[in-house]
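Going by the order they are written in, the chains are A, B, C and D; count residues from 1 in each one.
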Amino acid sequence: MNFASDNVWGACPQVMDALQRCNADAERSYGGDRWTEHAETLISEVFEREVEAYLVTTGSAANALSLSAITPPYGAVLCHPASHIMVDECGAPELLTGGAKLVPVEGEGGKILPGGVAETVAALDHPPHSVKASSVSLTQSTEIGTLYQPGEIAALSELAHGHGLKVHMDGARLANAVAALGLAPAEITWKVGVDVLSFGFTKNGALAAEAVVFFDPALAEDFIYRRKRAGHLWSKGRFLAAQAVGLLENDVWLANARHANAMAARLADGLKAVPGVRLSSPVEANELFPIIPDALHRRLQAAGAVYHKWPGEDAGPGEVMIRLVTSFATAQADVDAFVSLAREGASSGAA
Amino acid sequence: MNFASDNVWGACPQVMDALQRCNADAERSYGGDRWTEHAETLISEVFEREVEAYLVTTGSAANALSLSAITPPYGAVLCHPASHIMVDECGAPELLTGGAKLVPVEGEGGKILPGGVAETVAALDHPPHSVKASSVSLTQSTEIGTLYQPGEIAALSELAHGHGLKVHMDGARLANAVAALGLAPAEITWKVGVDVLSFGFTKNGALAAEAVVFFDPALAEDFIYRRKRAGHLWSKGRFLAAQAVGLLENDVWLANARHANAMAARLADGLKAVPGVRLSSPVEANELFPIIPDALHRRLQAAGAVYHKWPGEDAGPGEVMIRLVTSFATAQADVDAFVSLAREGASSGAA
Amino acid sequence: MNFASDNVWGACPQVMDALQRCNADAERSYGGDRWTEHAETLISEVFEREVEAYLVTTGSAANALSLSAITPPYGAVLCHPASHIMVDECGAPELLTGGAKLVPVEGEGGKILPGGVAETVAALDHPPHSVKASSVSLTQSTEIGTLYQPGEIAALSELAHGHGLKVHMDGARLANAVAALGLAPAEITWKVGVDVLSFGFTKNGALAAEAVVFFDPALAEDFIYRRKRAGHLWSKGRFLAAQAVGLLENDVWLANARHANAMAARLADGLKAVPGVRLSSPVEANELFPIIPDALHRRLQAAGAVYHKWPGEDAGPGEVMIRLVTSFATAQADVDAFVSLAREGASSGAA
Amino acid sequence: MNFASDNVWGACPQVMDALQRCNADAERSYGGDRWTEHAETLISEVFEREVEAYLVTTGSAANALSLSAITPPYGAVLCHPASHIMVDECGAPELLTGGAKLVPVEGEGGKILPGGVAETVAALDHPPHSVKASSVSLTQSTEIGTLYQPGEIAALSELAHGHGLKVHMDGARLANAVAALGLAPAEITWKVGVDVLSFGFTKNGALAAEAVVFFDPALAEDFIYRRKRAGHLWSKGRFLAAQAVGLLENDVWLANARHANAMAARLADGLKAVPGVRLSSPVEANELFPIIPDALHRRLQAAGAVYHKWPGEDAGPGEVMIRLVTSFATAQADVDAFVSLAREGASSGAA
């Protein structure tokens, strides 16, 4: 019953298998190998167009390097105050952009809104005293497990582009969004104005792999230098590429995401029926943020359930907000066991 | 017959096996897992003392992050003009130190010498116009496949410490050095004054793993922040750790290095006997730099031998310097085939 | 009638005179001159103790360099959301610290409060995902012309130091604060826990001069490098020092500040009596932020009064917030003329 | 008899006068004032074309900011190994470019040569392992007081532009070069391919002022941000501009430079006639590097002559190389006194 994060689980079998397969022979190093070429082709296929894709190791690297390509050192990245780049990457964007500023944009339901972006752009229009508004970053699915609809992204992009800003999408959980929305990846990325994407594989079932995907090749012009100087060019590039291949071939990535989403929905359904438990935001992907009674929380932990308490202002007295994350590896039995525990806890008065 | 680099080969079986083994269950993320703990213990055992070890993905990351811990942004790293940090990492040390300067120190046989360090320190003694001499970095085994003897390292360290500089060792091929010298790792690192080490696993048989090893824990104080903000903290840390475990358990790393060294020695022995071929530097680890006739070079390449031409001033007219690198995966049959080809080429007049 | 800023005025006579006096002869360059030595002595005298003082050109340089000495690149500076370092220096702190993050702390009356600092420190206590809370910066007098009382600074410093944070004071208008509070400079700086101070001379009557003042010499250890690499070491250091000397000798700086404060008070007194005009914050130093009717605003501008409209949420419909700043050079006649204009405007129905 | 540097002297009378004149009234701050506008116009006139000129405080700032506009963080600046940017600015170019690397280019007579640039560009052609060759910086007059002829600059620029590199000129002593060559400033800058120039006023008679001059306005696009975030935008911009105005009006800058050059020539003429004294490089501007007997050196210093010993390999046993710099303020009497002293010292056997 581990719902602490999608990254507490290992890699899916297809990724492990690809690693084995790619290990057969000598290959050119530093990304000149056949597996890297194949991965790049597969990524272009996913997006139904030619893209410039660059594999890196971590989501923080993908995000910060993406931002460095569209934000000058004297620039500003507009983003959600609770976004991963803002609060969870220890200043990686600041480092890799050379000192750009992340400026919070108010939003709703985990999402930033065009109005908030417009306000922030206006507030920063005071050159050279203010940093230069240069890019907008949005997260899909969001940090609270909600989803941007294509129209919402299009509205943000249009506004951003109108002010000369580029649009980045943190897609650490893009797979979950694609699976949940039932749309082609193109429909929620370049077709609605996204310029550069962090395409996440790690949470989806890889060991440690992400792709920086440029829909505008001009933005990628010197990206090989940026990746290398951050120490993110693997000498044995095949091993990074094989992870992407293992997930993208046969749409394993979508199957993995669908399973994770289904487990989250099942958890949500189960918990909704438990007296004293409520969900602080709609469950649209693979994360849920229930607010539960303190007593139930203690009982669940005592029973061995693993998850994180989560900061937030929605919990009332005697309550606690928790985060539950499901993954490709989440067992239905664990979901059901957790729900049962919660139900028992509630009926025994723990709620 | 691929001698292009030790990184054209994949991972050794023990590493692949460790990856499989570590993939069984849920583990705490971000390095809080049991495999990371085990890897750290094994690294301490290798060095026969408590160390602070931090796993990262690439050699460039290990080097640049190491240097960032011992070199302020206004500092200078003294290093060999042909060192990897100087010419092959696209400014990673400059990025991760926040702008420090790499200052070349003249040397001999691929090694820097105390006299050169002393001269450079003196030349930089002009504050605040000069950057501040802060660290020395040496590479073991060197970029031309030679070895520092313990006494040589001790002399450099003593001089460096005497001037307040810290000592970094780029050990991308430390395994080859340890195997070749037949000494305990401690004898060529902390016992002779090395403060921080890039301990390489990738070239030795991992997919992509290196450790930054601090012998002085005080230097590591805030290293977790530095690693994270460079995007080098894996969320599924087990997969980085398992690579180290696969190599360090049962001294696989040393067996791998011994094989690579033996193959290099066999190549050297074979080539020395070929008329018109000479070695530009002693073959002490797993690299050799033969100077061969142009005609032989063309013949070898036509026959499918893979290696790099190498810049340098030792080749005469009608000659070319090449680099041959062996690895844990180099087949003795390939070595012998290469030598045969060379011998035939020479006798058929290609030399 | 120019109240746009204290920096629309030139330099005071004593500064110009010192420039002339220092221009007589050859002097050692790069701060080795007698004027620099004298300025440093005078600064120590101002603070009634030995300090380490470093002259620089601008307030942005003073602030960003100060912060760079007490905030690592992976650190956080806690500050007021409207502070100059946050919104008016185009990312200078981010550049000179090597990428640190400025984190806003909620406050009241232009001042940050211990409670806000404590909350922010707690929110950042998530290493290595969060940047490391490293310093607190407060502005005296504040951006809205209010003053920290010694006890308020002491409370902030105690809290900050208790969490291992250093305390910086942006004293671009320290002179106005000292003059207004009637306290010795020591009483509102090092005696209440300030570790490093940006001591402003420019707004007070210099051409372009500020001092970074370290009360803890250990923090200044390598500051000469930081100043030099930011391009802030003057070769003809005498001219920077002479400005400080012109202001500090005979307490010209306090006389200048007293005049500016008196003019602000006179403006405030006059405006308070004008119907339809109110002050959005207490006038404690040399800035005031009146909220006035739109019609009056138009009339004042038409009459040639120069000042800035100011963003803020206190103005109601049909009103506008403006900022008026006085300086050593503000003529009482201009103050009186402005007040008369306002009074006439109001009585003629412009209000 | 102070020949230590051109910056041991103060400011020339016309600069002091301009400071007084500009101090009369209120002016818009942050460079929006009439003096800044006037200075910009004068600079365009000097170069006989529209330029984008930005005033800053120091030569290090001018150089490092110039380079930041033409060199990405992953780029290389090719420059003379003894250039000011390489050895005397404490890493300012590294800081302000965000980590670019300065790569030495061998040359002759203090000048870099097209052959050396071509070689270095070729050596760096190994992306993404090498940093990207991005700019060339040359110094006019050079660090050893020699001059680039227009044809030499044109050859360097042509080669640089052919490889996609931009050309920067460090003109800390441009005035001396212009005066010595008797050419229009345009002839040795934009007409021969210089893209951006550090135009020095400080050594020429200002307090602390330089201009970054862009001949290609596209390169200046975001320069206002770069200057501001480095803390180099003066709030009272008039005082920076007035210095430029004082020098550029009535060609004071050229008169100042001619005097300095004449004094250097007179020194050289006098010293050449002294037995045992020789010049290590031709005296073409306002610096000379005589090699003199040790005994004479001691005698000169004992007599109160002020200058620096200079590192270099040309001095034989019993000899020392010294640097003598003249300025607008150098008195002919001092020159003659120095020569007399040297002559007496030589004849009395000190040589």
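Methods note: contacts are C-beta pairs under 8 Å (C-beta built on N, C-alpha and C of every residue); 3 or more make two chains touch, one makes a residue touch a chain.
Here the structure is a predicted model, which is why all the values come from computation and not from measurement.
Using mean Cα coordinates as chain centres, the one most removed from subunit A is D.
The interface formed by A-B recurs in C-D: of the pairs listed in C-D, B-D or A-C, only this one shares over half of its residue-numbered contact pairs with it. If each chain is reduced to the centroid of its CA atoms, subunit B and subunit D end up 42 Å from each other.
Separating the centre of subunit C from that of subunit D, both taken as means of CA atoms, is a distance of 35 Å.
Here the spacing of subunit A and subunit D, counted between their Cα centres, is 51 Å.
For subunit C, residues that reach two or more other chains under the stated contact definition are 30, 73-74, 89-91, 94-95, 98-99, 128-129, 131, 225, 228-229, 233. Residues of subunit C that touch subunit A in their complex: 73-74, 87-91, 94-95, 98-102, 123, 128-131, 311. Chain contact summary for the complex, subunit A toward subunit D: residues 30, 72-74, 98-99, 127-129, 131-132, 222, 224-229, 233.
On the subunit C side of its complex with subunit D, the touching residues are 2, 4-5, 7-11, 16, 19-20, 22-30, 56-62, 64-65, 89-92, 94-96, 202-203, 207-208, 225, 228-236, 238-240, 306, 329.
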